[in-house]
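Step one of this worksheet: look at the structure below.
Chain nomenclature is as follows: A, B, C and D, assigned in order of appearance, with residue numbering initiated at 1 for each chain independently.
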Amino acid sequence: VSPADWEAAARQRLEPPAWAYYAGGAGDEVTLADNVAGWRRWALRPRVLVDVSRVDPATTLLGRPRPHPVLVAPMAFQVGAHPSGEIGLARAAGAAGAAYCLSTSASTAPRDLAEAVPDVTRWFQLYIRGGIEGALRTLTEVGELGYEAVLLTVDFPVVGWRDRERTHPWDPDPALTTVAAGGAPLAALDWRDLETLVAGSPVPLLVKGVLDARDARLAVDCGAAGVVVSNHGGRQLDTVLATADVLQEIAAEVAGAVDVLVDGGVRRGTDVVVALALGARAVLVGRPCLWGLAVGGQDGARAVLEQLLAETEAALALLGVPRAADVGADHVARTAWR
Amino acid sequence: VSPADWEAAARQRLEPPAWAYYAGGAGDEVTLADNVAGWRRWALRPRVLVDVSRVDPATTLLGRPRPHPVLVAPMAFQVGAHPSGEIGLARAAGAAGAAYCLSTSASTAPRDLAEAVPDVTRWFQLYIRGGIEGALRTLTEVGELGYEAVLLTVDFPVVGWRDRERTHPWDPDPALTTVAAGGAPLAALDWRDLETLVAGSPVPLLVKGVLDARDARLAVDCGAAGVVVSNHGGRQLDTVLATADVLQEIAAEVAGAVDVLVDGGVRRGTDVVVALALGARAVLVGRPCLWGLAVGGQDGARAVLEQLLAETEAALALLGVPRAADVGADHVARTAWR
Amino acid sequence: VSPADWEAAARQRLEPPAWAYYAGGAGDEVTLADNVAGWRRWALRPRVLVDVSRVDPATTLLGRPRPHPVLVAPMAFQVGAHPSGEIGLARAAGAAGAAYCLSTSASTAPRDLAEAVPDVTRWFQLYIRGGIEGALRTLTEVGELGYEAVLLTVDFPVVGWRDRERTHPWDPDPALTTVAAGGAPLAALDWRDLETLVAGSPVPLLVKGVLDARDARLAVDCGAAGVVVSNHGGRQLDTVLATADVLQEIAAEVAGAVDVLVDGGVRRGTDVVVALALGARAVLVGRPCLWGLAVGGQDGARAVLEQLLAETEAALALLGVPRAADVGADHVARTAWR
Amino acid sequence: VSPADWEAAARQRLEPPAWAYYAGGAGDEVTLADNVAGWRRWALRPRVLVDVSRVDPATTLLGRPRPHPVLVAPMAFQVGAHPSGEIGLARAAGAAGAAYCLSTSASTAPRDLAEAVPDVTRWFQLYIRGGIEGALRTLTEVGELGYEAVLLTVDFPVVGWRDRERTHPWDPDPALTTVAAGGAPLAALDWRDLETLVAGSPVPLLVKGVLDARDARLAVDCGAAGVVVSNHGGRQLDTVLATADVLQEIAAEVAGAVDVLVDGGVRRGTDVVVALALGARAVLVGRPCLWGLAVGGQDGARAVLEQLLAETEAALALLGVPRAADVGADHVARTAWR
């Protein structure tokens, strides 16, 4: 029933190495835990006696209407969670009205996914591994395949130290991974490369992994269509701030110019609403979808997403804000005791 | 002996679904726990060498004298806790000098309760389900039946997400519920409706579920006789602030104009005194009374109330404030470490 | 070895009702725990390369030299902890150079103790039960018996609600209690009574149970020789501030005029030094002495006191302050994370 | 894999008295735990899209280049952890490019270590036990033996109260200890002695055990080549601040004049980077090296050091700061919730 129930059920179904890979974080997992706790540090401040007989969670993203502000975050090797893998989760996303973001490290190629779920809103997450030229080719390819946007991951110049993965090494069957080839991360990637990529991309490019308002501003200056406030789910550099703790200052810097998205630790509809209040236009949800996929395949993932969306709608009604677009800083208060 | 003892004993006696219904809260129950913890975050600051040989907990409520500032909060389906149900708890309240507030979702009709306990001070809690006209009829009816005031619940436009209830569904025997009919909550309820209800009510109307000083002001402007600072016992929108954390700012806004009451997490006499210090005129106590009812019927509930009142009197004496009406902001200090 | 070891050993030796009586506190024991934690919230700030080859913990108390700033706090019915009772603990105090404060509710009469330990520095703690006249007679008597000072307890107008005692009622053998007679506490006691008592007392009178700087000032104005910052070991009004959290503001108000003492939660030599840094001239230590008495009689209590004193001397050396009298606010820092 | 794994494995291999000696701290071990927690209270604030293809952790220490900012802290009686003792740990340090600091209380004489590992960068930690003259002779000796610097410990005028050691007394075989002779600590040591020692030392002298910016300034005024911010691993005066909580203010005072080093609680590469951000030029790591030594001798200690260094390099890359020397206050944020 609860997100914790889904997580516990997924843990039972997954082999320890897969569980370690999906659930773990960097170092002592300080940031991993902080991401979840960060949303609760903000309290909702409801208003009453507002007509909420029609709650509308709709938003626009990159100028296009979306039925609600939730997307499925990019995650690697989804076949490791369930045989239906990326296709199953993308179908679940489509059924729930959520855009699905395919990982570079997926177990399904962009073309295969596009053919399997042509009508699902698809985004693509890009790691730069084979150099800028290869990245430009990938951008062109995914644009042609109908992916509507690309998230360029910038917090992965090297792989984070994850003790759980080192304790339980996981070597997914190579047959499962189709895009992961291309060598090590391009640690030399810089802002000029971003300009090159933006110029050569047929689709809007968002910068994923921003935790500093100055970097968000630089991303906008380089032509990015948006930023994703993210610490890679706590998997890269431990002890960095939770995304709930930096979102507001980043949104204050650039939300007037581009779309600000956020991921990390979102588990409840109330978390989604807090993210909106702090200036996010949308939130990416990762592990909870994977737990749903692991437990019940496409139907499980869909159930997780639909509960999250139902909770979000209820939270808007109980907050006294019928339109998601009207949630603002006034609807949250910072607590010092949670 | 302690509130925790009563709670544990009640849990043993109740079926899991009834326990889940009564004890549970929304979402991750952040607010449910915070309500209890909130009172302890305030420290009492006693004065000494004050003559406290006569402690007087009396107050006035809606202009009428009351022997003390404690009421029994409205709670649904009390027959589910003990066969004596609402009548048993109302008798316990009467014996302890506490007003009893009957829930719309009670297992006893307002008329039946009035006939059973004609001499107990009775209030009525109103959900708007069948439209404003039906609500006005109910107001007239309960006024004729001698209910002295009505609490209009405004934090229930939709039902909160309560995982415990979903895990342990509870479908009380329909015979037990007499007023619950009337369909879904009226999510369209707004401030104009409040004005209509105030105008048509033969008894004072208080707005229950206020967590924002601006809403408290609007309630006063609409003619409400008071506000109840409440988050529905943590059962509706999780992560909202504890009532102990918003009471003072709301009382500062309207306590000069109307009565401010509060509920949520009150377990000890010291909690009652903190509520008075923060500006409440009275406090509604819910679950503890229900645990007393579940454990010992009318006598159990009465014992719980009487211990709470004895603790309150002792707290006033030990605080060096013989009259409850003299407790003020000077008698509490905010702590950052509890 | 550690204070926790002594406490655990005492718990094993005592009957549950005696343990409940000695160890318990009021309400949910929030203040009981906070008293201990309060000292740790202050961090010591040592200086180095100071000659500490001679550490001198000496102080003066009521104008008389004392070898160190530790006293044994008044506690009731010490025969319940060990057959040697008050006499055993007073002998331990004498051996350790600590003044011993006899409780009104002792199992040994003031005269009997005076005869048993004529050379131990003795203080007396006074409850007002039989009216002011009786109290004046007691003051005269204890003065004649060589008690050097009297602590007038002012935080006991009524008995606090202690759940542990109610769960494990303890009715010490009447033969054990010699002074407890005299009826209920005098809840009408006020500042004018204090003036009367001061005027009629042959020995210095200190007011015990002060938690507010204004009350400390009033005590000085009434002629008290000092104040004891105390919340009765967390046994009277739960949720009041820890003594470590109010000591500094009270000392700032009156430490220039009279001696300020403190009790509550002192377990370690570092706690003693923090108390000095916050403005106390001396500290009263209660339960730890009783655990020592329960475990090993006079020798056990002496061992506890001597370890505390050795720790205090070591703390002064490691703080870089050879003379206890030179410890000041500069040697502590407030932490927000302990 | 993790530091906690190494610690648990070491605990299994060590006799309880040795474990108590190495792992324990003073008093209630408040500072011992706070040292570790202190680094996590600071959050890292990464920048992105910086070319980190070449990460350079190099620094200069006392004017000499070092490949990275990590040293092995002085610890007593290392033969008690593993037969290879100081020589094994020094070889591990050398292999990892870390300077090794020999303790006065070592189980290996300075000359023996110098002969065993002539090419390892060696420092010496000095306790003053036999008077200043003896200390000057030791300084001359270690200088002749090629020790590059001496850390003068100033937070040991008396031995701290350590309950674990008193519970599990440890009397290492006298044959193991070669330098410990010389009597009790010189509690009279003061700033003039420091001037004498600096004047007579053939190698740079750093003052170890500074927790106050004024003392750091005095050390510089007396000619010290640096200060080590240290609370002796939480082993001397309990409740003092964690080194992570005082480092920044001390570095602000003297880091422009001399090298500031820090020890205490460093477990992860992120801790090293936080220390640099707060103004340290290098960090001394103690217990983790000893756990590595206990588990796997020289190879174990080397593995621990190399993981720490690899984590440090990864942290620099993920922080977007390719050169350790460029880490600054801008890269950390204080949290109130960890």
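Here, a contact is a pair of C-beta atoms (placed from the backbone, for glycine too) under 8 Å apart; a residue touches a chain by one contact, two chains touch by 3 or more.
Everything numeric in this text was worked out from a predicted model, so none of it was measured.
Trainee: Please decide if copies chain B and chain C contact each other with the same set of residue positions, more than half shared, or with different positions, and reply same or different.
Mentor: different
Trainee: Quick check: how many Å separate the C-alpha centres of chain B and chain C?
Mentor: That gives a centre separation of 41 Å.
Trainee: Could you state the distance in Å from the CA-based centre of chain A to that of chain C?
Mentor: So the centre of chain A lies 58 Å away from the centre of chain C.
Trainee: For chain B, which residues are shared contacts with two or more other chains?
Mentor: 336
Trainee: What topology does the chain touch graph have (line, ring, star, complete, other)?
Mentor: Here the contact pattern is a ring, one closed loop where every chain has two partners.
Trainee: Per the contact definition, I'd like the list of chain B residues that touch chain C in the complex.
Mentor: Against chain C, the touching part of chain B is residues 1-2, 5, 39-40, 42-53, 268-270, 274, 310-311, 314-315, 317-319, 333, 335-338.
Trainee: Spell out the part of chain C that touches chain B in their complex, as residue ranges.
Mentor: Counting only chain C, the residues touching chain B are 27-28, 30, 34, 37, 41, 154-155, 157-161, 163, 166-167, 187-191, 193-194, 207, 209-212, 214-215, 218, 236-241, 245, 336, 338.
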